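Structure, as structure tokens:
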Amino acid sequence: MNVIALSHSQDRDFIAQVEKESGQNVSLCYQCGNCTAGCPYTFVYDIPVHQMMRLLQAGQKEALLSCRSVWLCATCQSCTTRCPNNIDVAHIVDVLRHMARREGYSTEYGVKSFVDSFLESVEKNGRAFEMGLLLRFIGKTGRFWTDVDLAPKILPKGKLSPLPHKVKNPEAIAKIFERFRQECQK
Amino acid sequence: MSLQDELKAQIVKRLPELDVVIGWGQGYDSLHRTPLFITSEADVDKLVFDPLCVHNLSTYLTRYGSAKRIGVVVKGCDSRSVVELLQEKLIHRDKVMVFGLPCEGVADLGKVKRALAAKDLDMGRVRAASFADGDLVVTVSGQEIRLPMAEVQADKCGRCRYHNAVIHDEFAGQPITEAAPDTYADVAAFEEQTLEERMEFWREQMERCVRCYACRNACPLCVCRDYCIGQSREPNWVSQRDGLEEKFFFQMIHATHLAGRCTECGECERACPVDIPLLLLKRKLGKEILELFDYRAGTDPDAKPPLLNFKVQEDTINERGW
Amino acid sequence: MDKELRIVGFLCNWCSYGGADTAGVGRFVQPTDLRIIRMPCSGRIDPLFVLKTLIGGADGVLVSGCHPRDCHYAEGNYYARRRLEVLKRFLPIIGIDPGRFEYTWVSASEGQRWQHVVTSFTNQIHALGPVQRIGRQSLAKACSLGTVLEPLA
Amino acid sequence: MKIGVFVCHCGSNIAGTVDVVQVAEAAKSMPEVAFAKDTMYACSEPGQQGIIDAIKEMGLDGAVVASCTPRMHGSTFMRTVARAGLNPYMFEMANIREHVSWIGKDKVANTRKAIDLVRMAVAKLAQNKPLYSQSFSINKRVMIIGGGVAGIQAALDCADGGLQVVLVEKTTTIGGKMAKLDKTFPTVDCSSCILGPRMVDVAQHPNITLHASAEVDEVFGYVGNYQVEVRKKATYVNWKTCTGCGACMEKCPSKKSKDPFNELIGTTTAINIPFPQAIPKRASIDRDSCIKFKTGKCGICAKVCPTKAIDYDQQDEMITEEVGAIIAATGFDLMDWHVYGQYGAGRYPDVITSLQYERMLSASGPTGGHIKRPSDKKEPKTIVFIQCVGSRDKSVGRPYCTGFCCMYTAKQAILTKDHIPDSESYVFYMDIRAPGKMYDEFTRRAMEEYGAKYIRGRVSMVYPQDGKMIVRGVDTLAGAQVEVEADLVVLAVGAEGAAGSAQLAEKLRISYDSYGFFMEGHPKLKPVETNTAGVYLAGCAQGPKDIPSSVAQGSAAAAKVLSLFSKDQLQSDPQVSKVDLKRCVGCMKCAITCPFGAIKETEVRGEIKAQVIETICQGCGICTSTCRQGAIQLQNFTDNQILAEVNALLSSETEEA
Amino acid sequence: MSQKLRYAYYPGCSGQGTSKEYEQSTRAVCEALGMELVDIPDWSCCGSSPAHTVDHRLSSALSGRNLALAERLEGVSAILTPCPSCLTNLKVSAHKMKDPEFAAEVNALLDFPVRNTLPVKSILQAIYEDVGPDALRPKAVRLLTGLKLAPYYGCIMNRPPHIMEFDDHENPIAMDQLMEAIGAEAVTFPLKVECCGASFGVARRDIVQKLSGKLLDTAASNGADAVVTACPLCQMNLDLRQDQINVANNTSHNMPVFYYTQLIGLALGMTPSQVGLEKLEVSPMALLESLPARAEAQAQAAKKPASKGAQS
């Protein structure tokens, strides 16, 4: 394990940025570990939640933004709900993921692709179009076998429409995305 | 028998039990009445009662020592002052005899003066005044002028809900049916102005104050007299400097000292030689105290006044959380 | 924060003054506008002190006592609550924003709450700005005079 | 008037963020100020001497010290001023530490504020007048509220010191929480063996009057002369004749009565003596489960009682005790841990509190000292202890450390191994707090000799599965989620002020925090005093603490009372109200609002006037703000003194503008 | 109930696809219970979890558009949605937009601003609070006696409590009580609020297999015949992916996974097809057909200890 050179590698701006975007005070964490104790995703994490909080307190930006855990959090709120210090931990992880995205990380490419596919679908149709987003995901990842076993189960039930249920005015939703991108560029 | 004669008969009957009876008599001209201190039957003849009897005679009750037995003639509004004085133990029930009257409203001589002025007539030249069919009939500069009472009545009478004396040992005449309750519409109307406008209003009004203390001296509940903190050094609340802040602060002393006590008789305002609408300040307090504590001063001699009382859990005051 | 305003606090000795001490001991940073006058009890606070202070030019007055039911003198804050509530409701008639006067309850252990009260109240007063004083020419009047005078000049 | 101003640096505490030299310089130009100087530590010996020297040399009439809060050193400097020959009330303090230097770093603003505070203090001092105390006699009896180990200690120490003691206990026996414990840390000696004899001493001491099953209803009076109304709650047994023989318990047919002494583990009879060593050893009836009270039939206890002590018609009895001082030793209760939904909120029988576990360990407890899990009465083999349940947890409104749980959990882990040698104990902890003589060694023994598995981390959830309790937690040191399949889960539930402590505090007029703990006079220097003269604290009522600390506080409070009572007369505080007879109109509104009945009506030359009874007046000043003539003035807080402060402050603003 | 129950209704995207039966049964049940659902005109996707993982302003804007549309409806008392994921997004947006600064940022992305005037609730909360189990009980014409259910609420129906403000966040009971009102039994199910794997089914199927597998294991070990849920994503993971889970974990669950609205619908007398039972992957028909016999057996069993109890 690497030595963390606390004198040199603490990124205080990073801590401040996370605190600003999440509205949380990371100093409140006293490392009881209750977040990790309750987290259903610990088994797939490379860094357990309480250690993410610890690395955050130490300003270890690179370690956090490049980790898998930020992508694998499903925001199930277990950590937030049980934190004895009322820290909205799930919100902090959300913010870390936003930052990872902005800085171009995609450590869990599949997860990122799914999210991108979903939002592209919404931007185009105004609503999530399940069949369409699955095809987009396959297109991005090349995982042609994704859930092919489910097709014979679901198709006869008429649940997956081959055509999107568009809103009447999809441009209204596209405009939200458009304005959002403009805001981000500012 | 007229109301005035009935009252006179009552006073004559009770006079032997009393050291003095305070009523109204003819003033220095036909439009003015003045307090009349009756000690003999002969004095009773000088007694007058009509809408020009504006004074609240209960003001004089605290000027006698506790030994004297005093009779006092009161209109509905005046009677509330008597109740308040009794409640505060500043006078004693067995030393006071109350001659209660019904009152349909008194004239506001300021309004009379303005009404005559509008006709290019001078109130100072009025030679006779009488009442007929709800009008004040005055003879001025040889003309007979009829002024409808509705136009020259004091503002307080328009919203009065205590036309009849609320406390009395003798009551002359027939009680008047009470009208709808006072809604403090005047206070609400004033408060439609911006805060800046309100302060500007008081600034303009108080500029005129000459600190004559007539407002205080006319007030039946200002019992401190020589020891009013508005004029004392120990404690020294307000300096003698002739500044707006000092003048205004004196009115704050007067108003806050009447909070929960003032019966809104309006003597302060009537007595003011420069016509500052002082009653408005007291009515604002009266309105808030009514809303907060459902309390009207001078209606129940046995009530515990709201500011000398409390509830552990107040129903109408929100705990001010921050 | 912009220029300091004049804010006066009347605090009871047993609870709120102690709460302000507790806040100090805890180094809870607060705005510097407030000047505290120590009173034995909120029941000692004559509403005239508040009016004197406001009319005399203070931009805000804060009164704080023991929580109801926790008065060191058993009942002082109950009387204070009624008197001060009447006062707060009276202020608008004389043209003073009732937000310039607040009364609240802070116990000796509530240092953090005191910090919150001071900060919130100071912000509130800054939002209202400096007080207009009855003893001074109002800004509005000065302005209207200005517009009248201008064409003449 | 010649006023001296002394501005304290308090080392860097004040001087770090306030320009004290500038403050002293500014003071020199204030009205009446004849002398102003900064000083390093005003409260130190040379600091005080400097003040005395200046007063004497300059012929000062009064002194202003600008330093810390008057609640800290007000009385210190009043004595200083008195040593210089002035009346102690010719002194004012400007609080430029707690209210200035410690709450902001802007030195310019702080200095400006400090100057204002000094200006106000100077202005007030210019209005001050010498005040003189009066003497009054005291009642040398003491009431102790709460018969736990702290109250017992205080009672015995006071009684041994020759005082008459009234001990009031809410439940039917003294002993408190300690009586429920099996063993005590770190010596693992038997709790009832060390407490029992002390309880007997209380019962037998000629100077102690014990009111058990009694509560304080109302408190009147003041230091030296309190009147306390005590409600003796009906027990439906005449305790004068009851001998505690226990015949009623043997025959009582209602055996499902709640057993609070055993923390609701198991049940007891409707008429019961809570435990064999109870003091007083007297029976009492639980109305809620007594068949006689529920149906009118039964009455077996009355039939079997050899002394005819049963009295179903007994009523609460009110008695008044007159005492000169009161010690509140009301102890603690466990917080309501049912807010922890993740631990089942009481739905799972095999999740219990540490105090319930303690009763199971006790040989005189409901299981006869055998550890049996409540669901199936089987002996558990794997026991999980979860610490900090309701401690250090802001999310349930309990941010403080209860402090003693680490130690008793280690004790319980050790005792568990003694009781069940093939058992395995796991302790989930956050930090081990064991600062005390032999304490840390004790927790190490639990791990090293008794094999308790300490796991650093909280437990996220506990749930039943296949007859086990699954405990899912974290081992933060290993960086891993962990699960334990436990037979029994013991929660180290945090302490809060005893039920009803807030109500009692209001009656005693002492401060309390949101957790029900009473506020001490000063966190360091007055640990057993309160801000109400004559009322003292001992034990967990003041904050969670272990047995040795509770006993020490019991003794400390007793010493305070003995020292208070060492004089025959007390000096009254001269900060009382005073009537200006010529201004008084005799309306007696002051008397209506006085909470203490300290104002009476008197007649002066035929006129009614108000008169203050100085020993009863507590100095609140409600009368002063009630009186419209300004006729009754609270000394040292007169209208003029406060107005001087207001005017000084507002005039400073005018000058600026 | 004298007051007319009228709500703005946000169906959510999955109601058009993978959870058609939830949508269908929700509408049928609400109608039967006198709850009028007024569709938010031209509603769009709330952003679901993908949006908030990218940016909170974007997420709140996508939700906010629907809040603003709903606010234009007249005479509605709340915005209802069946889907917990939509519920969370709508509620979080409304909650965060109480901060005027954040609200301004979000409104800048929208055609018309959110006024934040209507509360957002789940259909479950509305049925539980506005109708209630006591009013539901007498309406049940066909009690589901003998049906043992693991009530599974999902991770975000009640969490975090300061935003969701409904039921207990560790041990919710609303659905338990509704199921008991229609005669079914809610078994002890300690994992009521544990996460099922959420939307990782596509990208990280292994996660869903492990987490949903554990839910099915626990339901089975506590004696449940079926799972009842209130979440489209949970239902899909547990039902549609049950075969995938069985293969990965070497288990052989054949456990129907109902929407609670389907069961209430059945109890109110609707036919299986009216509540879309045929759309479930694990067929519940055999289980439902066995119920009358089970109910009988249960009644028999209940008699014995009851008579025994009377003696003692």
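In order of appearance the chains are A, B, C, D and E, and numbering begins at 1 in each one.
Going forward, a contact is a pair of C-beta atoms (placed from the backbone, for glycine too) under 8 Å apart; a residue touches a chain by one contact, two chains touch by 3 or more.
Quantities reported herein were computed from a predicted structural model and do not represent experimental measurements.
Listed by label, the chains that touch chain B and also chain C are D. When the partners of chain C are compared with those of chain D, the chains appearing in both lists are B.
Averaging C-alpha coordinates per chain and comparing to chain A, the farthest chain turns out to be B. Most remote from chain D, judged by the distance between CA-atom centroids, is B.
The chain pair with the larger count of C-beta pairs in contact, out of A-D and B-D, is A-D.
Chain B and chain E have centres, each the mean of its CA atoms, that are 71 Å apart. Chain D and chain E, compared by their mean Cα positions, are separated by 49 Å.
Centroid to centroid, with C-alpha atoms defining each point, chain A and chain E lie 24 Å apart.
The multi-chain contact residues of chain D, meaning those touching 2 or more other chains, are 342, 461, 593, 626, 639, 643. Of all residues in chain B, those that touch two or more other chains are 237, 308. Annotation for chain A: residues touching 2 or more other chains are 43, 78.
Every pair of chains meeting the contact definition is listed here: A-D, A-E, B-C, B-D, C-D, D-E. Contact residues on chain C toward chain B in their complex (touch as defined above): 47-48, 51-52, 55-56, 68-69, 75, 78-79, 81-83, 85-87, 89-90, 92-97, 102-105, 113, 116-117, 120-121, 132-135, 138, 140-141. Remark: chain A residues 30-34, 36-39, 42-43, 48, 50-51, 78, 82-86 touch chain D in the complex. Within the complex formed with chain B, the chain D residues making contact are 580, 582-583, 585-589, 592-593, 606-607, 626, 628-631, 633, 638-640, 643. Only residues 66, 88-90, 223-224, 227-229, 232, 234-237, 257, 304, 308 of chain B touch chain D when the two sit together in their complex.
By the touch criterion given at the top, residues 40-41, 43-44, 72, 74-78, 80-81, 88, 90, 94, 97-98, 101, 108, 110-111, 113-115, 118-119, 122, 126-131, 134, 137, 146-147, 149-150, 153-154, 157-161, 165, 167-169, 172-173, 175-177, 179-180, 183-184 of chain A touch chain E in their complex.
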